[in-house]
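Letters A, B and C name the chains as they come in the text, with residue numbers starting at 1 for each one.
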Amino acid sequence: MKFKNELLTEYFEDKLAVVGLVVFTILAIFAIAPALFSYQNPYDLTQLYLENSFQAPNANYWLGTDEQGRDIFSAIMYGLRVSLYVGFASTILSVIIGFTLGLISGYYGGWVDTIIMRIADIQLSFPAILIALIIMALWGAGIGKIIIAITIVNWVYYARTARGVVLSEKEKDYAQSAKALGMSNFSIIFKEIMPNTTAPIIVIATVRIAVAIILEATLSFLGLGVPITEPSLGSLIANGYQVLFSGYWWTSVFPGIILMVLIISINLIGDRSRDIMNPRLKR
Amino acid sequence: MGNAKTLKVGLASGALSMDPYAHNETATNSILSNIFDALIAFDKDINTHPGLAVSWTNPEPTVWIMKLRKGVKFHNGSKFNADDVVFSFNRVKTWDKSGFKGKVSAIESVAKVDEYTVKFVTKKPYPVFLRKLTYVNILDKETLEGKNDQWIGLNAIGTGPYKLTSWSKGDHIKLDVNKDHWRGVAKFDKVLFRPLTNNATRVAAILSNEVDIINRVPVVDVNRVKSNDKLDFFVQPGLRLIYLQMDQDRDNSPFIKSHDGKNPLKDVRVRKAIYYGINEDAIVKYVMKGFAEPAAQLSPKAVFGNDPSIKRAAFNPEKAKALLAEAGYPNGFEIQLDSPNNRYINDAQIAQAVASSLAKIGITVKVNATPKSTFFAETGKLKTSFFLIGWASSDGDASSILDGCVHSYNAETGYGRYNRGRYSNTKVDALIEKSAGIMDPAERLRVLQAAQKMAIVDDQNFIPLHYQVDIYASSKNITFETRTDSRIWAFDIK
Amino acid sequence: MTKYILNRLFHSALVMLTISFIVFFIMFKAGDPVELMLPPDATQQDVVDMRAALGLDKSFIVQYQKFLVNVSQGNLGNSFIYGQPALDIVFERMPATMELAVIAMILSILIGIPLGIISSIKPNSITSRIIMFFSLAGISVPVFWTGMILVLIFSVILGVLPSSGRGEVYLFTSAFTWDGIRHLIMPVVTLAVFQLALILRLTRTGMMEVLMQDYIKLAAAKGVPRKVIVYYHALKNTLIPLITIIGIQFGQLVAFTIVTETIFAWPGTGKLIIDSIQNLDRPIVVAYLLVISFIFVAINFMVDVLYTFVDPRVRV
């Protein structure tokens, strides 16, 4: 296990990864405080005027407006917030749930393990998008619901990883001695074994966050995501897609570019992190 | 370039079944109208004409004697006669999955008089009898007797100008011309219907000449289509009214938050305020791109019951705010507007625009736009206070919307099934019920108009927004006339 | 070995049963489609009649029981909307979807693996870094975006490819006709981009890990030609975990056809399932999900068994 400082220095060796980090930070700042950077609050209906709809990019509206008169630039800021919020919230929830269940499953074994892993198996038999689709289609729109849907889809990956690590760690000497010393199971799991699972979890999380964001965008594209008056990047793209071929390209292209940039930056960070944490790639 | 032999049509939605009684919905009816005939036919302006019935008499108020066309054959050679008519009507009335029961509920019995004469008896004098007959496509008794529903759903044997050659659900419907059709032989040897549900795909198809006609051109693509010099462009005033229903019944409506805890929609001044407060012209101009007719009443011009004297009030936010203040809500209130997002043209966008308008007069509206399955399920359970919905008076008579939406809800008689705001005015009910039995058209028109006026002008029971306009595009190589009932009838296309 | 196979079969059946229960339950809760199916002027009595005709007025247990009995006879019920057997409808549309999925998968493998190998041998060369960047872009772009851009460029602006539909079919597939191929190109590329990038990256990481191993260094020291090391020893060991992932990914691919089919109006099961969910056509949704699960379970099963033959470290 390497020291933090070492890891960070290694990270910065790759210029592209640094770019990714910088871009992501900028986008995150936009997302956290969109009001500081945007011209209007596109979620406030009193600020929208139909007369402004479908304006091409101009001095007043840098990236143009959509069919309700929403300033695309502002909508992207707020949409970023939704996308990141959904991505991170669902990932954190999935990690907590998956992690806990995986640890318990691996450590205690027996029928607890069997049940949890059977459920995981069943879920893995299903493409994520189908699960999410059914949940959203039947449950209705809403940010909370999307987060839960994506969490349900994603916990399995963390659970499996955590379980895998626990299974190999629990037979090791340090764990056995802890048990012999009378440490409670709880303590063993959380104090001794868990630190060894953080690296693999981070590795998976960086992949899954991007997947979560794409999943939300796809659901919104299919009309099953966030409520229409509070568009996320995915729903902006979806709305824009309807009119893309009619010449109103800015409503879809700009949010699409930002979404791509966001995911690429997350993947750059994730890639680099994985490379430096992967013990098998050490020269 | 259009192929002179095959007509290719790109449709916004495909057929759900080849059984003409299974689903009463526009797309299926439109496609099947090429394969089947009914006793009475609509022309493109929804006037009635003889179809498989050549003449009729109405000797007593509840009795109709129809004389049938002779020498007509079904696509498989079977002869058309009174037995087929009796069989068809019995099936449409009694088959448990029939979607047309409502259309024939007033018919008490149908009986064969001789090989080419049929006698209908209605439960009460029924002025719209002939119009309702246009909905019942005639099936062949000899072919269908003993076949199960599944078979009927796949095999369409009719008397119409085209025969069904193949049906690949969701992909295409192929028709071949019926050389023995009683109206004559249609110009195109083959017709290919292609469901292209995705708007952009459908427009792309006509622009690249993959199809000769498309329906439901999205309003944002009109300019692109118009500027294409190989295409003709058509606008047809439609029958569908888009309007808002409001909960006028409950004192505590589930999705309303007001300062006094009461339901503001029960006060006619609040309803009028909403009416004045919605900038419908902006909606028509910006959301519908000019392709909608602002509505002031329930029935458009083409529908019997329309009242030319009713005009839409001008957008007046000041008056709206004054009315709200007068009613005790100077600072407005909060409410949720439910809307489908995949049922009507730009439905979710219209709802957002309505919310945006109302926000500016103080009413905070939260828009809940859901897929139609959720929307109809929730509004059906009355889990709504305020919602956007449409109604097409497809048989051309005001009775359909008055019976279904304006009359007080009555589970036994079936009135007001779609009156989900539970508006109720017994005087209006009386007028509606009276009109059902008046056979004299002039007198009936007066009563229908009176009922409508009381409901929409005096009581403001609904907020009418606009009538949808059907937009079509077709290749210049073909001659195509649009129809009020939104159908694409290949026989008339040359 | 037989015991293992039987064990797996049993678990697979259990998985399918559970899935059927969950899906049935969810669709049951979603409400019935009668409201959607009947026109506005139908009376309350019509609604009641239709509900009874479709068997929707019974309790959940009764409906599920009936469903199970029917399943045991191979009948998955009739679609509420189309009135035809749900399984038939799903199978009717399957070839179109499978065509997309299989061709996309083959394309991703044929391009992804070689590119992955190339970028793993000299990871810091310009070629590798370019490949890596494009693969990163590939997994960062949502499927719908790729489709949109392709249609915009090739159909609308250039006008060289058809924007929708499936071409002429010959022998169950449209890949044998020129018209078919023209219609296939964009949907397949749309689907393949993500897969290709994923396989590329996995191959690269896998190869890089393997190339670090001592036995590889030993082989190089012994003078084994580089090509043999890379293409025989390293590749063989990379392929094993790769096969598993490809197996799982195939299932994901079939799911992503949903988005692709929507954009390209491709008459496959993806479009069918979206429409059926929206129309509350439960028999089709259940039939589709069971078929998909069956495919997954079958693939997983085959991969597991294959694994035991290929990897000597895995013992049953």
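The criterion applied here is as follows: a contact is a pair of C-beta atoms (placed from the backbone, for glycine too) under 8 Å apart; a residue touches a chain by one contact, two chains touch by 3 or more.
Predicted model only: the values in this text are computed from it and were never measured.
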{"item": "Core chain by centroid distance, with centroids computed from Cα atoms only", "value": "C"}
{"item": "Chain pair with the higher count of C-beta pairs in contact (A-C, A-B)", "value": "A-C"}
{"item": "Centroid comparison with chain B (C-alpha atoms), farthest chain", "value": "A"}
{"item": "Whole-Å gap separating chain B and chain C, where each centre is the average of the chain's CA atoms", "value": "39"}
{"item": "Between chain A and chain B, centroid-to-centroid distance (C-alpha), Å", "value": "44"}
{"item": "Geometric centre distance via CA averages, chain C-chain A, whole Å", "value": "22"}
{"item": "Residues of chain B engaged with two or more neighbouring chains", "value": "200, 204, 342, 371, 373"}
{"item": "Two or more partner chains touched - positions in chain C", "value": "30, 151, 156, 262, 277-278"}
{"item": "Multi-partner residues of chain A (at least 2 other chains)", "value": "137-138, 241, 244-245"}
{"item": "Chain B contact footprint on chain A (complex, rising order)", "value": "44-46, 48-51, 53-54, 67-69, 137-138, 140-141, 223-224, 227-229, 241-248"}
{"item": "Chain A contact footprint on chain B (complex, rising order)", "value": "199-200, 203-204, 218, 220-221, 223-224, 279, 282-283, 285-287, 341-342, 348-349, 352-353, 355-356, 359-360, 365-371, 373-374"}
{"item": "Chain A-touching residues of chain C, taken from the complex the two chains share", "value": "11, 14-15, 18-19, 23, 26-27, 29-30, 133, 136-137, 139-145, 148, 151-152, 156, 208-209, 212, 248, 251-252, 254-256, 258-259, 262, 273-274, 277-278, 285, 289, 292-293, 296-297, 300"}
{"item": "Chain B-facing residues of chain C, complex", "value": "30-31, 33, 35-46, 49-50, 52-54, 78, 81-85, 89, 92-93, 151, 155-156, 159, 162-166, 262-265, 267, 271-272, 275, 277-280"}
{"item": "Partner chain C, residues of chain A touching it in the complex", "value": "16, 118, 121-122, 124-130, 133-135, 137-138, 210, 214, 217-218, 221-222, 234, 237-238, 241, 244-245, 252, 256, 259-260, 263-264, 266-268, 271, 278, 280-283"}
